[in-house]
């Protein structure tokens, strides 16, 4: 199912950028998990647009309404569904898209895939706006993992190849009506060893499956990643040693994952984000109706660089993948205890 | 399910390196698909060990026995299962592994995951040997895709960072009882546009899920990949144009995938393979039983570089992911026709 | 995933009887399927409460709001989500349930399952009210099947064992503050042969999986069902014959399904619905808090017989199961045609 | 996937009646589960043919060969695969089936489904012989459940409507070259409360999904089942009471399942098995090649009544469904303990 993720839990993302609402359902979340709504909103605000001059002028409160599955800040054990209404919509900006696909966007591929039935306004279901429901779910998983002592933190490594002054790169791109991409690094600390399954349910498989669900991601590497392909085995292997009673490795080239399973060392991976395809410059494209090549300029509001807003999305995707693999471990509280009631 | 892949079809890989047999089941493959067993064996031979002085001395014929699902070289529509018997086994080589995890291997992670119940001989279920059944399935998908005009071809880009003389790098590593990794590039030609689904069933999600199922893979990138993170949008966007009646892009930085869906341009991705963790050099590790840090040297037979043998595995994984997404499109022949019978 | 159904499509039902809203998401529905909203509402009205003196006094408009996935009465190909707000709620009626489980209801089982975190008001996620979103999805599938010439029709066979005057039985039960169950028969006409898969994806497996998702269903039988267990093979076997060019059977004891696959004959199955567990009479139960046995009388509004309202639910469940198995057959329109645009 | 079962574990059944071998893979089974092979074989013998004059003369040892996943009678945590070679095959008996479908069998439906590519010899993948691998998996689950204090026992209630002398009915049918069906009742004792999930993952949904995977099953009912449809709510509701500290119901009309979740009372269900479609009597059918109606007599060896052999299959199916739902509860032993090693 296209917009679903999960083996032990199921996260279903729905909605279009310019439809009535976007949202997410989480099925299989155990009962009794606490969700701090204030912290969740704080997390969502990190992704929300219109917070700085670097992001799209579109202003959305991104305040999810929880329809079910959470009561008094605690999960019920039944499906959790939250929706976010779309408000600040200017679809006319996108009217030309009906006829002219935007370079670097999913417009044309989606047109072939859905035969023109898709809602392409603002990118429709392919819009970066769909990362809002991802962050609603991810924010819940991040809290659940923190309760287990596991933290997931991502940060910008570079923007447009610039590691020293990333923001400067964004400024320059903006001034030139252009856009830039960048690289995000994510580190998971407190990961217990022994999490993950072989072959297709390894941590690398599942994290990459989740991360490529974020629009504009074009690459992912774990530990030393592509650099490891240039090392000798004697350089890349991480020696085991006892740190007191705990087995650790002296280096972490494996990025905390061996054979798809966590080693107990921090999980480390990096994600390549391409430059925002929507730019102010004139570009070459085609017209479906006349069948001719044309010049076009993308209308609508867009970020010169989505990397800053992608950071919490990477955390959300990683938390979702890790929580899903751990769900079997984090056992739900089932036993109904008489004394609990008596103490009420 | 750990060792399973697929949404429309299901590929289940089973077995341990030193068990009775390894194998694969394919469920959901439509009826009436032709399988050329000779070509399949030829494909498997590209992966098989003992073919050159660069690969492990272990000799396995890797001749699959098909137990069901294929009759007279044509799929029946019911599950296909093939097994490969393990023959040339020297488990004593691995006896020390019971106590000392090999650096860079899954031994320790699997020990925690399975509490010591796992069959770790030769890496057990985590061994590269499990790529043989992957290639049995992948070889079938490659033939099915070729029947649709789709070809999947991978090649070595570099070994140990050397693009000019990859084999020389392997020689050097061998001489030093060391190992090297490398980078493989895979290109899919003849891909129709409109294949793939949004968010979590995009081609990038599904191909990476499959490719990380190959041991030693630590990174993947599509199109310009990590390099795209350093480009401007105006450089990275691929302009659309009409080539006769066909819509193409003048460049292919997107690697044939936009929004997870094929654009009709060739799919291009690169895979980072780490150096074989098994090396002849002495390494640092620990003993489970005594709880002390020790020196160890890996026994057993192993490749100084698994990249050459990983090339067909990457093709198999890509074919599996693509065929799975296309299965809905490549419609099985259901209609029973009287005339067919009459012409028999 | 508990509240999800489907192999080729995915139907996710969410919400609690007394929460903010209930709803459904459908993922994997092809693009270009027409949905007549007026007909859909007409179908939902068959299930809605408060239509007659035989049903609960609770009045709900049951008007779904479609948040995404359908535009201009045609599916977009991306997830479809519809919600129904809960309005006429009187939760105080259920306050005692916190402490006293209602006989015949899921209250106690759910209490153990969710450790008291569940929202048990009005049965919460286990309420018959959750069949409203089922009917929203099912109504769409019924229309899609009708477009293929397949009709699904259910009817009441008997109520409280009475085949002649079912409504009379409901009257009697009402007068005695009691409830009655009944048997529903469902017939699927126009079913093409060759639909269904072996062993666990047969029509019987999938239809029963879906039908047991309707609260109060306690049994299902196909064709002659339990009666067939009392026949000889020579009586129960259905002879094949040619009706012109079409292969048919002279009788239909097999109920249109052989080996889990449709034979082309009408699919026939019957469903046993237990009497509504909520009755006005005093019953024996227990108190969680004091641990003592008590007498209790169920408060709240309820139907003396839910069988009439279950009829469209059975049609919805059957349509969902059948459409899901046929989804691979009913091929989505993918090819984007230039002329279509020109003719617009 | 057609021949797969499971949400938390995955059971894949493969093979054809007259192919090289049949078998089963179990993925997701936790590590450290003991399997007593002698007891497993004893269980398989209950299903095996050729044990009495009432069963087909076909003799098969039904001795599974375990290829992987179990070592020293303990599960490794990785996929378990077992195969059973087909030996006593007389395919010529079935040569006519290529042209004439047997009434009551899947021959014709499968022919349409697979376009004539299916292996129909002896029923191929649709043969009752495929219940052998089901029993291999089910036998393992039965042992795993017993370790949790849960027993699953099925018995014959009636044969051909005869509850007093079932075997006499089989004799009579045999004498008349005919066949009979029957009803099997299954009881699960020691079931903890709180197992099962709402709507589509309830115990009724999952057990029926599994049980309809047994050829010839045409109906299933839980607790009072169809009889409940004729009772008043006041008769059918089961009153709760405290038996010491344990909550029980005074009656068990609900068959141990409320809202799809176990109540802690014994799970009780009944299964309707149709008479063996293969009979010695002449029957009406058609010829594909000539398109004419013909008389035919089924060749080959078959049981006059498969009900006795279906009894262990029902236990296997129920154990599979229940174990799958409990898998999240029966937590695998993950923690690697140093002391365990020291004590070795």
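Going by the order they are written in, the chains are A, B, C and D; count residues from 1 in each one.
By our rule, a residue touches a chain if its C-beta (ideal position, glycine included) is under 8 Å from a C-beta of that chain, and two chains touch if they have at least 3 such contacts.
Please read all numbers here as calculations on a predicted model, not as lab measurements.
Of all chains, the one whose CA centroid is most distant from that of chain C is B. Here C-D and B-D are compared, and the pair linked by more C-beta contacts is C-D. Between chain B and chain C the centroid-to-centroid distance comes to 43 Å (mean Cα coordinates, whole Å).
With centres defined as mean CA coordinates, chain D is found 26 Å away from chain C.
One inter-chain figure worth recording: chain B and chain D are separated by 35 Å, centre to centre, where each centre is the mean of the chain's CA atoms.
Residues of chain B found to touch two or more other chains are 1-4, 13, 78, 112-113, 125, 194, 198, 245, 291, 332, 334-336, 338. For chain C in complex with chain D, the touching residues are 1-5, 7, 13, 101, 103-106, 108-110, 112-113, 125-126, 130, 158, 160-161, 173, 176, 178-183, 193-202, 204-206, 208-210, 212-213, 215, 217-226, 228-242, 245, 247, 249-250, 254-255, 257-264, 272-279, 281, 283-286, 291-293. Chain contact summary for the complex, chain A toward chain C: residues 1-4, 6, 9-10, 12-16, 19-23, 25, 27-28, 31-32, 65-69, 71, 74-81, 83, 99, 111-119, 124-125, 288-289, 291, 332-338, 340-342, 344. Contacts from chain C toward chain B in the complex involve residues 8, 78, 194, 198, 245, 328-329, 331-332, 334-336, 338.
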